[in-house]
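Note that chain A is present in both complexes that follow, paired respectively with chain B and with chain C.
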Partner chain A sequence: MKYLDEYRNQALIQRLAEQIKKRATRCWHVMEICGGQTHTLIRSGIDQLLDGIVQPVHGPGCPVCVTPLEKIDRAINVALTPRVTLATYGDMMRVPGSNSDLLHARSRGADVRIVYSPLDALMLAEKHADREIVFFAVGFETTAPANAMSVWLASQKDIPNFSLLVSHVLVPPAIEALLQDEESHIDGFIAPGHVCTVMGFEEYEELARRFSRPFVVAGFEPADLLEALLLLVAMLEENRFTVENQYTRCATRMGNLHARKMIREVFEVTDMKWRGLGTIHRSGFRLKDEYQSFDAEVRFPLDHISTPEPPHCCAGQVLQGKTKPSQCPAFGKECTPERPLGAPMVSSEGACAAYYSFRRFQENCL
Partner chain B sequence: MKVACRLPHSDYEIITLGHGGGGRLSQQLISGVLLPKLNNDYLQELHDGAVFPIADPVRLAFTTDSFVVSPPFFPGGDIGLLSVYGTANDLAMCGARPLFLSLALIIEEGFSIHGLEQILSSIRTACDLLELQVVTGDTKVVERGKGDGIFINTTGLGAVLDGIEISPRRIRAGDQILLSGSLAEHGVSIMSLREGLKFDSPLLSDTSALWPLVEAVLRRGGQGIHSMRDATRGGLASALNEMALSARVGIVIDENALPVREEVQGACEILGLDPLYIANEGKFVSLVSPECSEQVLSAMREHPLGRDACRIGEVVAGHPGVVVARNGFGATRVIDMISGEQLPRIC
Partner chain C sequence: MCLGVPGEVLNVQRDPGSGLARGEVRFGGIVKEVNLSYTPEVQPGDYVVVHVGFSISRLNEAEAKKALRYLNQIGALSEQLPDEPPSPE
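On to the complex of A and B.
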């Protein structure tokens, strides 16, 4: 299939891996931010191919994994409210809150619908004027434009029964927090291609300068990641700390200006709590004051639900790249996709789920 | 390191949709809740149907299946065709020619008579094709809101071909794994319909009656056919995992050999789904001794339903119970049984 097969071409993949091996004079620790990229690395075995050359460190870029317990608890509470439909992306269904998850809420009678877009949720609101439709707006910058658009449209069309339960996080402040942590030793970053498609990569240029780390904006297929790693290793070997763009077929320096405008119209930057990482300064979005009436946390009495994050959950260590999933003592034992202890085991983008799905019978994993 | 996660375990005091997904939760429901109450020699094989001797050499195969597909009419088929083919295919997986069928209809108040007639016409067409008869039946109507239009249960009885013995017990290291055709067409067709996705060429369900193809395979392979399973709910991944688990063998498949049509692959990419886990309604895997695998493969390809048949891997003695895929550059990954439902991803 066009735009797919060429990025999974085995000869190309082998050639890129050989070039990386030739270029590297030592083993580099490279963090891929995005969970989609983690999944490709592990699924296609790129880490095995570059063993001893590039040590991947899996970053916090799985939106499901970093959504705080409190938001999950609030979503479940909203879903169980009479005459409310909670619409959500599929992979939020299984994420454990403090007592339950949305799948269980649904089997107890909550009206929880899986949708592919917030605009589908908005359509539900138009169709069912007698019900409150709440969309669980989770994600990084990638999902923000569509979420913003849904609120803007609801406001334009005067749809009163639609609201968002917002849990939006931003990549650059999380990278900054990771780099300020003395325990993390990351030589360079694979920047998330989809986030950069929306936001551009100016912000990463600033991070590269301030922290003397190279970044490569990358796509999500095996050849994308290998090409990005080749660029990154070259920059590391030459001590060049800038941003290069491998994902030129989608991402540009300025990003999608229309999408950014829509985000600015509806959202503003705020401090945000991350599961496993704690509260990070100016690292999320909230609805602007003029759109507060579309905020589910304003519309429904949810303030009483305040769930502290578990203090030492190793999911946080995994999300910061300090612990490999397979190094966690609970991995594959107490913690499995059926009985997840932490969110990285739940989402298909989570690092623990990737290791469990693809690696768990191998000796180095268990 | 001390693990201090305070997050909950799910104890599953109630049934969730995942228990019906054909993956690990379904397995746990069967082995943890159903088998302890009902177990016997036939059930514990966990095969698609039970085979029992009547009077030597006559052996009958017996199976049942319920059909709850929504929507009931879809491109390439409907719930009527599915309810005959599904049960007949389970009999075929026991090496049995389907002979008789029971038909139970659970219809929701308000369902159109015209729709019901269409479904019955499909049932008739499917039975005629397979030369089998509906010989008993039942009809129930439930209140509006208590059913999803129509549910169908069929139970089938078939006669096992002479000299054929299909059982997970006969799986051996070295067996070749043959797949009868391209993957994921039924599930993707249904999901595209639900999501309102439109493609240049329509995505048709692969709903079909496997017996004619299976008969050709059995006649060519005979005793060399060790086990068969249709890759329905839970997809090829679940079928292979079930076989690996019940035979306590390892399975290695070649990822590049897996046939997926381009439009199906495209829909999977858009919907964020893995074709290995998506339901088929007209595909099966057979585990065949290496001596006869070439002849069996050519027998499959001679049949219209098996023209895209291919060898996708083999049974190994190592890693019992685990299915592994090898990609083109030598890396391997576990093909796990799906946990519950396959859930579409955020981005």
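On to the complex of A and C.
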């Protein structure tokens, strides 16, 4: 596929790694935010290739992993309501709520459908006027344009039986929260290429200035990440704290203006609860007042469901980059992809699943 | 769900009323209908990055080629500057 093979070229990967080794005078701690990038780093062995030169710290960028238990419990509750169909991405089916998951809800008779896009859910609503169709709108800024468009179309076409259960999180406020935490020692950041493709990277320039940290907007292939690490190491060695864009084939400083306009039309920024990180000020989206009738939490009584996080899963520590998945006592023992205790083991983008699939059982020190 | 996939636009249909655009996009062997409203400038033959049924960006070929040229230069540079002096022959 276009520009994938080129960026997976082994010789290029080796040469870039050599350049990084030559440039670095110490071991730098670099956080990649996005779960897709975590998987590339582990799958392609970049973490091992740069052992002692760059220590990757895995960030909270897996939308399934940061969705609070409470939202999962609410989704299960909605799905079990008569005459309701809950439509969701496949990743969400096995994420454990406080005592069940959507897959179990389906086996108990709930109508839960896996869809590829919120527009598929909207089509279900048009087809089944006698049912309420609720789409579980989980995600970072990348899925916001799709979710925004589904609500806008529902309002334009007057489809009354469609709503969203929204759990939308934003990357820059989470980075800010991580940097304000004195326990975290992150020298620089790989910014998520597709989030920036949608939103641009002005906000990261502000973070770079305020916290004196360099950022590189990067793609998702091994050579993309290595080039980003090379740029980051150069900036760190030179004490330069700005934003550079490695992913110029997709991301621009201003992002996708059409998508941003639609997001602004439908959503507004609000405080948001994250699994493991707690509530972060202005770190998520909610539907604007004009679109409240499409909010499943307005349509169904769900306020009574509030769930504390489970004590046995250290996902919070993992998502803040303070603990490696392999350092969690349950990792690979009580917690495996077949019987996951926490979301980072379920999701294809979760750090625990990446460590398990690519057999990183040994503890690396942070 | 966050993973965007590049695919080739096969055709584009625009709805003159709403201004919305959609079309078929080929990903390897699979063809899918994709909403192209956020990249209204795309033409058949362009590559787009698709997330959950929406294209979020046209793949900028000029930038991609420039970046690859640069990456290959890095490679060439490292070959010209070996770490150790070549052994005398």
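One rule holds in what follows: the second predicted complex is superposed on the first by the 354 of 366 C-alpha atoms of A that agree within 3 Å, B and C clash if a C-alpha of one lies under 4 Å from a C-alpha of the other, contacts with A are read in each partner's own complex, and residues count from 1 in each chain.
One rule holds for everything that comes next: contacts are C-beta pairs under 8 Å (C-beta built on N, C-alpha and C of every residue); 3 or more make two chains touch, one makes a residue touch a chain.
Everything numeric in this text was worked out from a predicted model, so none of it was measured.
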> Is chain A touched at more residues by chain B or by chain C?
Replying inline: B
> Does the superposition put A:His258 against chain B (first), chain C (second), both, or neither?
Replying inline: second
> Just chain B (first), just chain C (second), both, or neither: which does A:Ile13 touch?
Replying inline: first
>> After the superposition on A, what does A:Glu290 contact: first (chain B), second (chain C), both or neither?
In response: neither
> Of the two partner chains, chain B (first) and chain C (second), which one does A:Gln156 touch, if any: first, second, both, or neither?
Replying inline: second
>> Contacts for A:Thr248 in the overlay, against chain B (first) and chain C (second): which applies, first, second, both or neither?
In response: second
> For A:Ser98, is the partner it touches chain B (first), chain C (second), both, or none of the two (neither)?
Replying inline: first
> Does the superposition put A:Arg108 against chain B (first), chain C (second), both, or neither?
Replying inline: first
> Which holds for A:Val138: it touches chain B only (first), chain C only (second), both, or neither?
Replying inline: both
> Does chain B (first) or chain C (second) touch A:Pro337, or do both, or does neither?
Replying inline: first
> Intersection of chain A residues contacting chain B with those contacting chain C?
Replying inline: 1, 4, 36, 63-64, 89, 91, 116, 138-140, 142-143, 194, 349
>> Help me check something: in the complex, which residues belonging to chain A touch chain C?
In response: 1-4, 6, 11-12, 15-16, 18-19, 22, 34-36, 61-64, 89, 91, 116-120, 138-140, 142-143, 145-146, 149, 156, 192, 194, 197-198, 220, 223, 227, 230, 246, 248-251, 256, 258-259, 262, 349
> Which of the residues in chain A come into contact with chain B in the complex?
Replying inline: 1, 4, 10, 13-14, 17, 36, 42-46, 48-49, 63-64, 69, 89-94, 96-101, 103-104, 106-108, 114, 116, 138-140, 142-143, 194, 310-315, 317, 323, 327-330, 334-335, 337-343, 347-349, 356-362
>> Per the contact definition, I'd like the list of chain C residues that touch chain A in the complex.
In response: 1-8, 18, 27-28, 35, 37-40, 47, 49, 51-54, 56-57, 59-61, 63-64, 66-68, 71-72, 74-75, 78-79, 83
> Which of the residues in chain B end up touching chain A in this complex?
Replying inline: 1-10, 14-18, 24-25, 28, 195, 256, 262, 265-266, 269, 271-272, 319, 322, 324, 327-334, 336, 339-341, 343-347
